[in-house]
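Notes follow the structure.
When the chains are written out, they are named A, B, C, D and E in that same order, and each has its own residue count from 1.
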Amino acid sequence: MLKKRTSHYKKKLGLSPGSIVYTGDKETQGLFIESFDYNSEFVDKKVHANIEDVFHFKNTKSVSWININGLNHVDAIEKIGNHYNLHPLTLEDIVNTSHRPKIDDYTNYVFIVLKMIYYDKDEQVVTEQVSFILGDNYVISFQEAEGDVFDTVRNRISLAKGRIRTLGSDYLLYALIDAVTDHYFIVIETMGNKIEDLEDNLFTGYSQEEISVQIQNLKREILKVRRAIFPLREIISRIEKNENNFIQDKTIHYYRDIYDHVIQISENIEIYREMIWGLMDMYMTTISNKMNEVMKVLTVISTIFIPLTFMAGIYGMNFDYIPELHFRYSYFILWAIMIALFFSMLYYFKKKKWF
Amino acid sequence: MLKKRTSHYKKKLGLSPGSIVYTGDKETQGLFIESFDYNSEFVDKKVHANIEDVFHFKNTKSVSWININGLNHVDAIEKIGNHYNLHPLTLEDIVNTSHRPKIDDYTNYVFIVLKMIYYDKDEQVVTEQVSFILGDNYVISFQEAEGDVFDTVRNRISLAKGRIRTLGSDYLLYALIDAVTDHYFIVIETMGNKIEDLEDNLFTGYSQEEISVQIQNLKREILKVRRAIFPLREIISRIEKNENNFIQDKTIHYYRDIYDHVIQISENIEIYREMIWGLMDMYMTTISNKMNEVMKVLTVISTIFIPLTFMAGIYGMNFDYIPELHFRYSYFILWAIMIALFFSMLYYFKKKKWF
Amino acid sequence: MLKKRTSHYKKKLGLSPGSIVYTGDKETQGLFIESFDYNSEFVDKKVHANIEDVFHFKNTKSVSWININGLNHVDAIEKIGNHYNLHPLTLEDIVNTSHRPKIDDYTNYVFIVLKMIYYDKDEQVVTEQVSFILGDNYVISFQEAEGDVFDTVRNRISLAKGRIRTLGSDYLLYALIDAVTDHYFIVIETMGNKIEDLEDNLFTGYSQEEISVQIQNLKREILKVRRAIFPLREIISRIEKNENNFIQDKTIHYYRDIYDHVIQISENIEIYREMIWGLMDMYMTTISNKMNEVMKVLTVISTIFIPLTFMAGIYGMNFDYIPELHFRYSYFILWAIMIALFFSMLYYFKKKKWF
Amino acid sequence: MLKKRTSHYKKKLGLSPGSIVYTGDKETQGLFIESFDYNSEFVDKKVHANIEDVFHFKNTKSVSWININGLNHVDAIEKIGNHYNLHPLTLEDIVNTSHRPKIDDYTNYVFIVLKMIYYDKDEQVVTEQVSFILGDNYVISFQEAEGDVFDTVRNRISLAKGRIRTLGSDYLLYALIDAVTDHYFIVIETMGNKIEDLEDNLFTGYSQEEISVQIQNLKREILKVRRAIFPLREIISRIEKNENNFIQDKTIHYYRDIYDHVIQISENIEIYREMIWGLMDMYMTTISNKMNEVMKVLTVISTIFIPLTFMAGIYGMNFDYIPELHFRYSYFILWAIMIALFFSMLYYFKKKKWF
Amino acid sequence: MLKKRTSHYKKKLGLSPGSIVYTGDKETQGLFIESFDYNSEFVDKKVHANIEDVFHFKNTKSVSWININGLNHVDAIEKIGNHYNLHPLTLEDIVNTSHRPKIDDYTNYVFIVLKMIYYDKDEQVVTEQVSFILGDNYVISFQEAEGDVFDTVRNRISLAKGRIRTLGSDYLLYALIDAVTDHYFIVIETMGNKIEDLEDNLFTGYSQEEISVQIQNLKREILKVRRAIFPLREIISRIEKNENNFIQDKTIHYYRDIYDHVIQISENIEIYREMIWGLMDMYMTTISNKMNEVMKVLTVISTIFIPLTFMAGIYGMNFDYIPELHFRYSYFILWAIMIALFFSMLYYFKKKKWF
């Protein structure tokens, strides 16, 4: 991720502001254009080959949703941007995939950048940029690559499920954002499972190196997800404040619902952070405890046998005159002393709770 | 808890917003409907079999309290929701037990979600969702399962104790919330006792593993309780601001009282957090101290006997010509030297305060 | 303290809000009622046997101070509360000694709860509740037990020292709060001395266990004091804002002065917190250093003598053919080698700064 | 850096406020004056020898950019300051290179101080001061030394690329600030690479001393960069608020864009901080783990061989009567016992997962 | 410092508010009264013996600066206070040297308390109180002891350097505060040098005890300086807000300049804090590393020689029948085995990077 962003900076450095340069790594993605035009009476769903085919939705009275996948096709994005009077900076931000989530109010539209988050096959957290243009009676959505995140919205429009067909473009935008944020719960859940798994294996399952690496990875995933999700709180609360007139009063409650979800996710992330720190502490304590245990074994053995060995050493000396050597029972007396010493030391360590 | 929430996400993913799906784990709970209709003159308490039996309270002039247990009965909740004109998102939130505490103002009612907290038989913190609808002259409360939390309110209504019968639905709501928050003190108290107990046994009673696990458990309980209680501050202060007109001025002081309690509980939680961190530190220090002590024993014994053993080793050598071996008193002289060394080392360690 | 609060919760659980239950532990305290009625011309000081004797001060034009000790006498407090039109919640809070400091504005009076803090004979921090009712021309103060905290105010009123006799009940309240907060400085000072003492004895005087326990105790005292003092900032600044009309403009500067004191005390507490953390760190470092030193002694001794003992062991072997054994000067040569080894090792450790 | 600032304080102490003293260390820098005068029709680019040559731009209707390198030439800066009616404090701040980034609104101009940040040849973070005067139709920029940071702006003006020639001095200022902040991304990127590199070599590549020094260096670089970048958030948001009238409404969106960049950079810095703390923790854990491993080896070897050596010592004693010495197979029996002990100890340690 | 404050509390406890008691420790300081009366035309500088000599400046049209050293002379301060209509609380705060920096607005004057900070001969941070009364056309300054901090202001007034003689008392106050805050930079610089010095000697120069004590001292100095400087931010920003009318609009920019300085100093202090924590961490790591190194030496030596000594012990036994003893080359074979073991162990430790 750092590398990707890097190349982006290099690419863009020295270009004039508003230059439209795709900064992601999906350079070979095909262009996919899809449109839904609907009101409570009818729905018209089409896939288009040319960007010009979706120009006429600007003027229809019905609600239109234009979904464009493939941010590497900057020409198409520039064309649609010009037709729908999007500000150059908006176009720049649509294709700049390293942008943080944000909302921009323009007189003729609202521009929102979000992050899709999911775990890829390698169990890595991946973020992908999704942006939305909310106009009077249309929503344009831009994705880096095709995905199934909007399938539920497609179904609801096609099958006229729920309220979606009876409400305006502001509700459509809500449904799309809701589809994106719903996926955050999955990520949060996977993360929670990872933490639980780590917790269960803290004392036994994993090696110390593994644990330390996994904790560091989890910390980093949390940083990444936090960065993608936290700006949402401000974005949604600015939508709620309804400074522009693109959101109708009766839709506000739905955005409030997303806001609640985002707060809940943020809280979970913070709780995970604390839990990981707790794990870290427990892990450090475990290491200390183990070292303590090792030390005790060493000390018990050394403390018992070093004096005994000294005694044996004494009577291994070759002095001509060592009277004890010649007493008949010295050997057994020495054994008796040694055994007494051995047990009294054991008793001492037992009393000190060393084992 | 993580697992429960997980399954919820899975259940709900892909459903249109406002879908009413029970997300708790009390799937077999029976439906229990109870109503209190009262004013200063009379009180009418009933238990109902059908949800339709409580529809007429919408229009009575007297204050009505409808208490519904069993969130798994989504049909009944949907019916009463429709009759009382509740927003679909409200209904969704009533049965979504993973929701965080919140308040939502609608034109015809106020919707409040709280968490009951208690310790179950296994000494685990359990949270249960309670939600309230405050309308003009009625309060509807929804609980996951039957419980005795509202018994004091039932008594006060039945026996006309205190002010409750002379005041409106806003005071009834206060009494119900007060009953819920009163239980928080019990949890806080149990937590405090746990911490005290841990403190008393930090140095002696428990094994190191136990202590480390208990500290981690306490941290987690605190996280859980905090998450349930902290949003209350905002909720109550929003009630106090009285943006809607459901709360009368003379009841405000009572909500202010709950606010004070919530602040006090929050403060206690923060203090417990600090105390647990303090315990953690003390515990780490204890481990370090113990290791230090162990090291000292090892070092004293080794440092005294290793040189002595070396001396004994010298005179155990078999060289043909070691003059000392043949002196008459060498053995005793060596003993004298060894004993002198022994005591001077003891003195040295004593001076260094090693024991 | 935890235990006391506990019993309080148990006592009150299930009672209707506004129930007046004494929650402290001074159950056998006698009731003491004292009154000061004064203006710039006269002063009338009395001690009363019955609570009814102080009812008439409600209507006097002169400034009246009614001081009541013994919160366990709930009947008397209820009577005076009813006569002076105090809200039931106010009465509840007066006798609920576990309450946090707060201010409540009512239309006919201002209610303030403070905490007295002092060190008892056992050098423990004790908090005691003091509450004040500020009416038009009277102040009523409630204390758990008799104390000398208000003696300076008594003197100033009796002897007409300073401005007190020429100003109204708002200045009287100021003088009483000032008397309470003045005692905080004493507590802060004692705490500072304790920290200094601990600092002086960190390296030598106390045992490690003692230090660790004292640090934990100090942390807890700070938590306790902080909890009693921090809410005061908000209370005083709310008095200053003068939302009610009980405080005259010319008295505001005096409350501002208390505010400055409270800020200063709060800052001191924060500084003490940081100092204690610093001590904790120093202490941990000290332990590590000591362990390091112990390790070095062990290593030096072991590293020097273990190889030498090995050499002695070699020539203690009983092989038939060990040529060195029979050379005339082998013994002395071996000694020479051993001594050389000994000193070169000493030199090596010296160079490594191990001692 | 500390030393440089030091000399500055010494230099200035005792001077009256507003004294214009260059405080950087580029004392021998030549003076370089360059001007761009342009509108959508024409562009006039010149390099000047005397500061007086740029005085007339104050009154031209076209947009003028005066770029001055060499803050050590205080005379020239004072002259231009007087001609353009700059406040003495502004002049003081232009040449005081230790100033933190800031914005000052005057009635006739806006004064902005920024920091250029880059890595020098020695891989050290260097900050250099750049300040801007935004007047009605001119921008004056001051740099410590010549650099290529503004080359892209020069090109865009010369070649009429983008919008720059069609917009006013407020857009010019935006383009210049944008050029400065664009370089921050490079620094952030280098920093990110350093952290990644450190992470990759944490367990193997570097020595412990190196790692500890590198972590400390990274922390310090982050402190330095943070100090240069964080004030920018406030600066840009104050520009956006447009309290003065130097910024036109249609340029605001561009400043908003810089604001987003600065937020993004700030977030990255915070993430790097957390990552470095994580590295620190991992590193400490690694040390602990290694020590643990070392201890285990020592303990295994000692615990196995010390008792065995004791046994050998026993039968090395010279007592006259040790019956075992004379049994035919004692030696082999002892070996058998020793080998049994050896393997049972190995088994014990294996079971304890010590190796 | 704690002790001094202590005695202050004791001294003041029980006095009525507004009692004027000097609380510093410079009890024998002489009284020094000096006045400057000036406008753009003339300057009149005098030293006075009696406080009454400066009473007439209250009514002059020219700007007057009265500087009073020696806060122990409470009589003189009370007299001037009464003449200039200062509030009793103001007089109390002037002589109460333990007061934190603050600003108080009165109708007829502004009262400001600051702290001078410098390093004394023993390299200890010392704070001294300076307070200012800003009236219509006069400034009165109070210092604990004579010092040279205001010399630059004296010179500028005498020599008519800069703007000072042409501007009012608000500019005079600015110049005096500026003189005080300029000294903060010196303290900050000394602190920075101390930290750098400590950093340079962390690994080699100082003993571990010294380092630990120096770090603790630096932390404490920072706490002290922070407490003296941080309130200034609020003070200056309240001056800037110009709620009273004592500050003219054209002087505001100068106060803004002080504000910038204070922010810069505060930032530096925060950075020093972080650096000291970093040093602390490095130092702890160093200790751990050293212990690790010591452990490795011990383990290498023990692990190599303990088994070898065991072998020698085996062949030192006196069993009648040990066949190896009688083989001709056993001794040399044993040596070969020992040497092989020695080098293979060395190789093992080398591979493990233990030395």
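One rule holds for everything that comes next: contacts are C-beta pairs under 8 Å (C-beta built on N, C-alpha and C of every residue); 3 or more make two chains touch, one makes a residue touch a chain.
In UniProt terms, the chains line up like this: A, B, C, D, E = Magnesium transport protein CorA.
Remember, it's a predicted structure, so these values are computed and weren't measured experimentally.
Path length between chain B and chain D in the touching-chain graph (shortest route): 2.
Taken over every residue number at the interface, the positions common to chain A and chain D amount to under half, indicating a different-residue contact.
Distance from the chain A centre to the chain E centre is 42 Å, each centre being the mean of its Cα atoms.
Distance between chain A and chain B, defined via averaged C-alpha coordinates, is recorded as 26 Å.
Multi-chain contact residues of chain E (touching two or more other chains) are listed as 288, 291, 295, 298, 302, 306, 309, 313, 316-318, 322. With chain C taken as the origin and chain E fixing the direction of travel, the chains line up round the ring as C, E, D, A, B.
Touching chain B in their complex are the following residues of chain A: 151-152, 156, 161-164, 174-175, 178, 182, 185-186, 189, 192-193, 196, 203, 253-254, 256-257, 260, 263-264, 267, 271, 274-275, 278-279, 281-282, 285-286, 288-289, 291-292, 295-296, 298-299, 302-303, 306-307, 309-310, 313-314, 316-322, 354. Partner chain B is touched in their complex by these residues of chain C: 2, 5-6, 9, 12-18, 87, 89, 98-100, 102, 104, 106, 208-209, 212, 216, 219-220, 223, 227, 280, 283-284, 287-288, 290-291, 294-295, 297-298, 301-302, 305-306, 308-309, 312-313, 315-318, 322, 324-331, 334.
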